[in-house]
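Across the two complexes that follow, chain A remains constant while its partner is chain B and subsequently chain C.
So, the complex of A and B:
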């Protein structure tokens, strides 16, 4: 398992389960600070035909985090070889408001709310 | 001369509204150290407003409504404070302030900081562009063309407008030496 953690958040890639999980509150200061998380997401796509990104315990994401997630979704779309699912929670308000935008970037994205 | 983009509202404490003010002098502590406080302050503002939207067992919708309002206030405040910390001109002896005002219909934020002459002009061009464009299209464009840079405030504003139905306005007030005090107003309808 590949994992990262910082002040208030964890990110982990479970290769066997084909799942990246982001938990906690992500408010890093810009794309440079998000680079390790970007890399973890990109690495998870490599050689994989299906991947789930589980955000169902990600309580907060700032706009730099939204940009990071969007870049990843665009990257997955452009690869054309990996079916992407994003799992969110209907009880976390920002997810109901902002995750649908990702579907506009990648219409084939499977967006699932617990 | 003071210059407004959009309709600025004057916020006065009175018996029908609640206001809360926070001020920071960012030069005193390094930005990296200060960054953590953005989240703490934003969450504090989000928690603060929940007092005025209490949970009511007989109204099941009160819990999601409280969560929505807390989430919206926390997101907007966090973005405003992050922008303020990134763009504030520390050479100018001015604080960063954020004021939250809550009345029966609106939640209004006024975030204010100093910016230098060159940044002022750049910011005004960006605001004109934002006000003239379709925010939904501009949001997708920014993401598609990877136009989100380290110092871009654009995506935060566009998220507030598109996802939270926020209205934005700005006031520029000149300071000595060509700098400006800029106030960003964000209004959320209740």
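So, the complex of A and C:
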């Protein structure tokens, strides 16, 4: 279990369940501040054939966070060896358009809205 | 950082500790009070002692006189019995030898005076002496001759009078001595108490007072904390410790305030710059009026915290390119990205790139690489609309519009009142988010007939919230446009802005409002 936490958010990777969960509100200032989260996501992909990213309790993600998530999805797409599922919530406003854009980046991505 | 006049005068007054008039100073008042209390108590003690003295002196005089009389009564009786004048004189002289005796008279039992001794000029009786000793001056005893039984025979009397003044004089001398000693004791005790107080309490208090009056209100944390030797663990030491912590807290509060003020100033300056950036490159009214075939009205209002709304209308030889977009976030960085976008859009136009996919790729690449440099992860929605007027179209269309890029839905309200909402999600991709977007770019082409309306906006309009957090909404926007579709572009714009403002009412504007109305002439 690999976990990060900061002001108003938690990020954890449950290796056994093959699931990365982001919770709370992520408002880190700039791409470099997202590096630890980016690293956690990349590590989760390593040698794994299926991974779920659970965003259903991530109330807010700023643009640097969305950029980080986009990079991660492109990285997963380029690996071609891991089936990626992103779990979102239809009641959280930012997710609708942004998660659909992620799906367009990686058509094989499975998008699940709670 | 500059001192305000208030601060300046406060620090000036702090540098000169407040002077205390000598009669108001702690030491003086404490000394005066101690002296008065010691004097009063000393005098009271002297008075009590004097009273006891007076009592014992009276008893002593009586006892002494009585015993003297008893001592001589035998000889006196003998003298009276035998009419022995010589013996009588000896007895009288013996008694009269005492300093305070004023009168001695020895009489026989027929009342005849045997001998009399009296002070030559008895001094005028002084009232105080009389009150103190006047009642114990007269003594008279009968003289009995011890003969054969059956009994003693009365043979005469002896009378002695004492001088109250003489007794009082020695008493007063004693009294004076007692009062003087009492005064000296009082002064000595007062001086001792003042000295002890001064070194134990007054002096450290004065040091503390001096330190407090030298505190600079602008830098309370640098106060001259006094070193009170020997008081570290008592109440005075605790006061100094508490004050030190208080001053430290004040200092931290002031520094926090200064930092907040500096940060506010910086943000305020940044906000002014952002506001300028947003307005500085907007198309002029003249440019818009010169466009063939379109009646155009535009509106842009920056939010209290300026966002990154973008719109532009660029005329070129082949027609008009209209851009509308929204950079994520607020502030200077969003403004800078918006400025780069404006510049890049104009560059693609100048380079005569016709292929909209290439245009989007170039724009994305430019913004993406710059945003990577900025390290801020900003991106933007951006729709580009290419318009050109049509002449002699068989279908009667007067203009053709090509729409591409991902942004808010484009609203088309036909002259007939029919409405088309064009979802742009699949026409592009956020600009600056990922390295390559070419594969996501598509375009929609539609013809415009006379009086058809095209409405472009940013989410500041549709997501403007009222006090109950209810959003203005795409539906309400569309309905308003439809209601006013017969009016000029300017009138439609005005009606919508009025309606949005009425919806927001007194709420703060959290996002920029941008609205572009195109009406086919």
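We take it that the second predicted complex is superposed on the first by the 114 of 114 C-alpha atoms of A that agree within 3 Å, B and C clash if a C-alpha of one lies under 4 Å from a C-alpha of the other, contacts with A are read in each partner's own complex, and residues count from 1 in each chain.
Here is the rule we use: a residue touches a chain if its C-beta (ideal position, glycine included) is under 8 Å from a C-beta of that chain, and two chains touch if they have at least 3 such contacts.
Here the structure is a predicted model, which is why all the values come from computation and not from measurement.
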Return fit or clash for chain B versus chain C, each positioned on chain A through the superposition.
-> clash
Go through the superposed model and pick first if A:112 touches only chain B, second if only chain C, both, or neither.
-> neither
Who does A:30 touch here: chain B (first), chain C (second), both, or neither?
-> both
Who does A:7 touch here: chain B (first), chain C (second), both, or neither?
-> first
Chain A: partner with more touched residues, chain B or chain C = B
After superposition on the shared chain, which partner residues are touched by A:74: those of chain B (first), chain C (second), both, or neither?
-> both
Based on the superposed arrangement, let me know which partner A:65 touches: chain B (first), chain C (second), both, or neither?
-> second
First (chain B), second (chain C), both or neither touched by A:94 | first
Check each of 203-211, 239-247 or 329-337 in chain C against chain B and return the one that clashes.
-> 329-337
Intersected contact list for chain A, partners chain B and chain C 30-32, 62-64, 66-67, 70-71, 74, 97, 101, 104-105
Can you name the residues of chain B that touch chain A in the complex?
-> 31-32, 35-36, 38-39, 64, 67-68, 70-72, 74-75, 78-79, 82, 86, 139-140, 143-144, 146, 148-151, 155-156, 159, 162-164
Per the touch rule, the chain A residues reaching chain C in their complex are 30-32, 34, 62-68, 70-71, 74, 97, 100-101, 104-105
Which of the residues in chain C come into contact with chain A in the complex?
-> 328-329, 371-372, 375-379, 406, 425-426, 429-430, 433-435, 440
Seen from chain A, its contact residues with chain B in the complex are 7-8, 25, 27, 29-32, 60, 62-64, 66-67, 70-71, 74, 91-94, 97-98, 101, 104-105
